[in-house]
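Below you'll find the structures, each written out as structure tokens.
Two complexes come next, and they have one chain in common, chain A, joined by chain B in the first and chain C in the second.
Right after this comes the complex of A and B.
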């Protein structure tokens, strides 16, 4: 072990390696409920070449290697299940290029969504990216690897859909570029017109390689942005309302919340629609279109637009949303976790009912959030439960509730998002065996020594 | 002195907002920016404190370094989205005080030396000089004087701090202000002692000052250091010491408004570094800027991070002496002077003797001498 430490120090320098208890403790757990497991080393590389050397060392020594970004998935995906080395990628923090005309940004693996947002606002105010609601320390790469969704999800899909090129250190130590950048200086396409190989790394949670650079598509940043809120009290009507809003093609982000707090919204489905424009006329036109598309719900008194005072608007408009994080303090205990399956829109009412049932059964504080993805092709539905980290009984109840939620999701035709290890097993049990065999083949081909984030996507 | 922190500290979710300024442009937690392991962020620190309280992590030299590398700059309190945000720094200070009792003798050696030197010598700079050796010709406070100029340890013993003290004293004298210093009778204000968790020594120092001020009939205190300003304004009343507190930049501002101070004209581009204990702790942002703007010929430019988003020089919690964040290109003071150089400022104006010494040293290491001059606000006013 001492030799490995020295070898790591030789690669990145003493300052950027730790095998001390404090780092092992902290990097062995995340804010969710997955049981902790400590790494042997935490290393902070600065360059792809350093990553290469570390991967080669891990291969020689057969040591597990877990790449980590912000570590905010909450489902234990970067908890090193079998110890080894955690690669904290946040020192690779350069924004390499913004191509204004082809509208993409190339970032290193440690660039956070917060820093990217700030950089674009300051230097390219006409461009923006799809920023997720996870805290600003979430990395662009980490979020793409878990198929995160951002504020442009309704229009453009998962953040992984917006990737337009990757640089990856393969588990054997070679550096590989995927997409147009494999033969061109431009990173405008992840695949087309070539075979799309980025899928070998997105959604794999670092089990097939270490992404060191990523290109992300950018979109127009309009001068004005506003939020409208529509309230309805019948869950069955929500899918239709959402689809009507999608049909207008006026909404860039579309969310539906159902939660017991604040009391003024209790019992209501609270739909948030975000619109943008360059002129007041454009904004007014969009508002009118949205009003008109839901007019008959208003007339039948099944729903209505809520007047949103400025003080309430500002947290809605904040990117990322601090309110999402505040849910962790509902139980005054610093914890929440959610099961966030990707589901068909039509199933929304069943999922809300199931959340209420679970909250009652396990005596939990809950919140639900639905985010429409890619023009209504699917939605992310979060069964979110807050817990007190000082209350082991409550933590156990949340864990059981989330496990039941994951089973329910799969039974209902949904697919758990960023699944924890036990949810991954559930998925693999139900997956088409040929698909599973293909996944296994991919994994074995890319990572023959099985060093990459072992424990995750471990096929039988 | 929050002892209930043990029942609260687990509420941190470790979301990481504490690492940033409001616009997320860079890391704004000085120890995280320096060390980059999550353990050195406020969230990491609070989780480790909780682990220590639960017995999951034992006290160690490394844990001590992590805990004392926090400069208590309050960026975390400013950015944390939770309702308990205002308590975070108090939790860290309370944990240090707990540690002081439970792990006595196992603090970082520099912290131990800092506290011992104050206990033995009355200052953390290892000086055996008289406290007023610098102050020849400066009047001692006498009953009836309007202001007591509280100079503090850096003003009394540090070469740059002494220049700053002389400069402030000269401006006040020139403006006809009725003031005096305590000279040899002044005691350390105890600010850093408190932040490092040594409550008993803090109480002793504070009471000594309170007693002396009261004996002399002091009503108004003007301080050189924002640290002293903060502790005398916010902690001394808890020990029975009620005085009207001013930071010297506030007094200069008042004198300017009253026409009693005529700044020397100068041709320079100046940027102002908000000290944490004046800015985030006490919301004094405008007066120092008003003073600088009043100087004919001076152009005031802002750094990317200013006011409530100011980036700490790395000197808080005694680090201007213990210097637990030094030794790297990413040491906060070095990051800060590079930031000051970006808008091509000729002068980096400060309002704290701690910032003055930290940033002056950083200018040397960064080879920015002759490009950026670090001066305190009074020196800029005086045309120095």
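Right after this comes the complex of A and C.
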């Protein structure tokens, strides 16, 4: 063990390696409910070459290696289940290039969404990226690896869909570029017209390699942005309402909340639709189109727009939204976790009913959030529960509720998003065996020593 | 059970049927107005119940001292007519439900009612409120609840208003200065129409401002500006306070511009109309109201209701008018708030 520490010091320098109790304690847990497990070492590389050396060392020593970004997935994905080295990527924090004309940004693995947002606002105010509603310290790479969704998800899909190139250190130590950047100086495409190999690394939670650079597509930042709120109280009408809004092709982000608190929201499905434009005329046209598309719900009195004074829109317009943080402290203990399956939009009402049932059964404070993805092809649905970290009984109940939620999601045709280890097992049990075998082949080919984030995606 | 003091005989003897004839949204002739009011009184259905924009104006137009608007609201609710979408009504009823989070300042005999409008904390400052600013009540427990007139929920008002009055009484308050115009209207019109006793004196903040400006007259620097008064729905419940606007304006050197949509012919912020009748009517009302102010040469748009200011202040500014609350206008004249440039 002492040799590994020295070898890591040789690679990155003494100040960027630790095997001290304090670091091992912190890197052994996340804000969710997964039981802690400490690493043996924490190391912070600065370059892809340093990552390469660390990977080679881990291969030689057959020691687990867990790449970590912001560590905010909540489902224990970067808790080192079998110890080893946590590879904290935060020092690789350079924004390498913004290509204004091809509209992409190349970032190193430690660049956060907050930093990228500020950088674009300051230097490229006409461009924006799809920022997720996680805290701003979430990394761009980490979010793409877990198939996160951002504020442009309704229009353009998962953040992993917006990746236009990767640089990866393979588990055997080679540095590899995927996409147009494998033969061109431009990172405009992740695959087409070549075979798309980025899928070997996205959604694998660091079990197939370490992403060191990523190109992300950028989109126009309009001068004006507004939110409209539509209320309905019949869950079965929600999918149709959402699809009508999608049909207008005027909504950049579309969310639906159903939650008992704050009391103002109780009993209603609160649909938030975001529009952007460069002129007041364009905005007004879009507002009217959205009104018109839901006019018969309005006339039947089944649904209506809420007037929101402009000054009161700021919480809705904040990017990222602070709602999740607020909800996390409803129980005054700072605990929060959700199961966020990706589901067919038509199943939304069943998922809300299930959340209510679980909240009652396990006596929990709940909130639900639905985000429409890629023109309604699917939706992220969050069964969210907050808990008091000082109350182990409540934490156990949340854990049971989330597990039941995950089983329900799969039974209903959904797929758990950023699944924890037990949810990964549920998925693999029900997965087409040929698909599972293919995944195993991929994993074995890329990581023959089985060093990468072991415990996750461990095929039987 | 609280009964509305509405006298059908007085209505039958009405020479004008102004309640509906002057309505800015229905525009009925006298015969139709009379026939429809008879239907409403007798509990029959009427298109008026369905098409009412809930602007409160008929309550002011009635020359017989009856309460046509309250009757309309009662009948709408009895018939299950929804003036706004059901979820919107639900949201409003939830929003102002008492939840025990009220605030009570250091109460004196005279107390400011901030209703459930947090903006009041920012308005009630400076010399105008010297010695009284900390004597306030605020929160859902003190919220007048008249807003449910817009949503055909007189039942909510009947349930909550007596509790609100009791909450105020139980604080030992003898005199309540209402910073929200709608509270004053509730205690002096709505409560009286239902025979609900209000065991404390109520003062409209217009009257309070006027008195304070008299006391502070040596410190006033006339503003010498022209302003349009943004009259609001609940001003219909206390038309007797309207003259104070002129008194206040005169004291601070503000000219109230002559307009088509002022006084009894005023429009409103139309944000409730947006939720209940849709964007087309709301946009039309707002446009006419603001066009009228701009065409009259107003520099300022002086709000009475903080909610109106919150709802349309930015639209007002986009039309080149300066949106201010009447209290802010007074504070400008006292040199406590900067006079906006341009």
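Just so we're on the same page, the second predicted complex is superposed on the first by the 457 of 460 C-alpha atoms of A that agree within 3 Å, B and C clash if a C-alpha of one lies under 4 Å from a C-alpha of the other, contacts with A are read in each partner's own complex, and residues count from 1 in each chain.
The criterion applied here is as follows: a contact is a pair of C-beta atoms (placed from the backbone, for glycine too) under 8 Å apart; a residue touches a chain by one contact, two chains touch by 3 or more.
Source: prediction; values computed, not measured.
Novice: State whether chain B and chain C clash or fit side by side on chain A once the two structures are superposed.
Specialist: Fit - chain B and chain C, as placed by superposing on chain A, sit side by side.
Novice: Looking at the overlay, does A:335 come into contact with chain B only (first), chain C only (second), both, or neither?
Specialist: First partner only.
Novice: Quick check for you: in the superposed arrangement, does A:236 touch first (chain B), second (chain C), both or neither?
Specialist: So A:236 meets neither chain B nor chain C here.
Novice: Tell me which partner A:249 touches in the superposition: chain B (first), chain C (second), both or neither.
Specialist: Neither partner.
Novice: Looking at the overlay, what does A:21 touch: chain B (first), chain C (second), both, or neither?
Specialist: After superposing on A, A:21 lies in contact with chain B but is clear of chain C.
Novice: Once both structures sit on chain A, report the angle chain B, chain A, chain C from C-alpha centres, rounded to the nearest 10 degrees.
Specialist: That angle rounds to 70 degrees.
Novice: Taking the superposition as given, does A:306 touch the first partner, chain B, the second, chain C, both, or neither?
Specialist: Second partner only.
Novice: In the superposed model, does chain B or chain C contact more residues of chain A?
Specialist: Partner touching more chain A residues in the overlay: B.
Novice: Give one of first, second, both or neither to describe whether A:429 is in contact with chain B, with chain C, with both, or with none.
Specialist: neither
Novice: Enter the shortest inter-chain Cα distance between chain B and chain C once the structures share a common frame, rounded to whole Å.
Specialist: Superposed model gives a least chain B-chain C C-alpha distance of 16 Å.
Novice: If you look only at chain A, which of its residues touch chain C in the complex?
Specialist: Per the touch definition, chain A meets chain C at residues 231-233, 263-269, 280, 287-288, 291, 295, 297-298, 301-307, 309-312.
Novice: Along chain B, where are the residues that touch chain A in the complex?
Specialist: 7, 10-17, 19-20, 23-26, 36-39, 44, 47-48, 50-51, 56-58, 60, 62-63, 66, 81-84, 328
Novice: Within their complex, state which residues of chain C touch chain A.
Specialist: By the definition above, chain C touches chain A via 82, 84-88, 90-91, 94-95, 97, 99, 271-272, 274-275, 278-279, 307, 310-311, 313-314, 318.
Novice: Spell out the part of chain A that touches chain B in their complex, as residue ranges.
Specialist: Per the stated touch rule, the residues are 15-16, 18, 20-23, 25-27, 31, 42, 44, 70-72, 88, 90-91, 112, 114-115, 117-119, 121-122, 135-137, 322-323, 325-326, 328-329, 332-336, 388-390.
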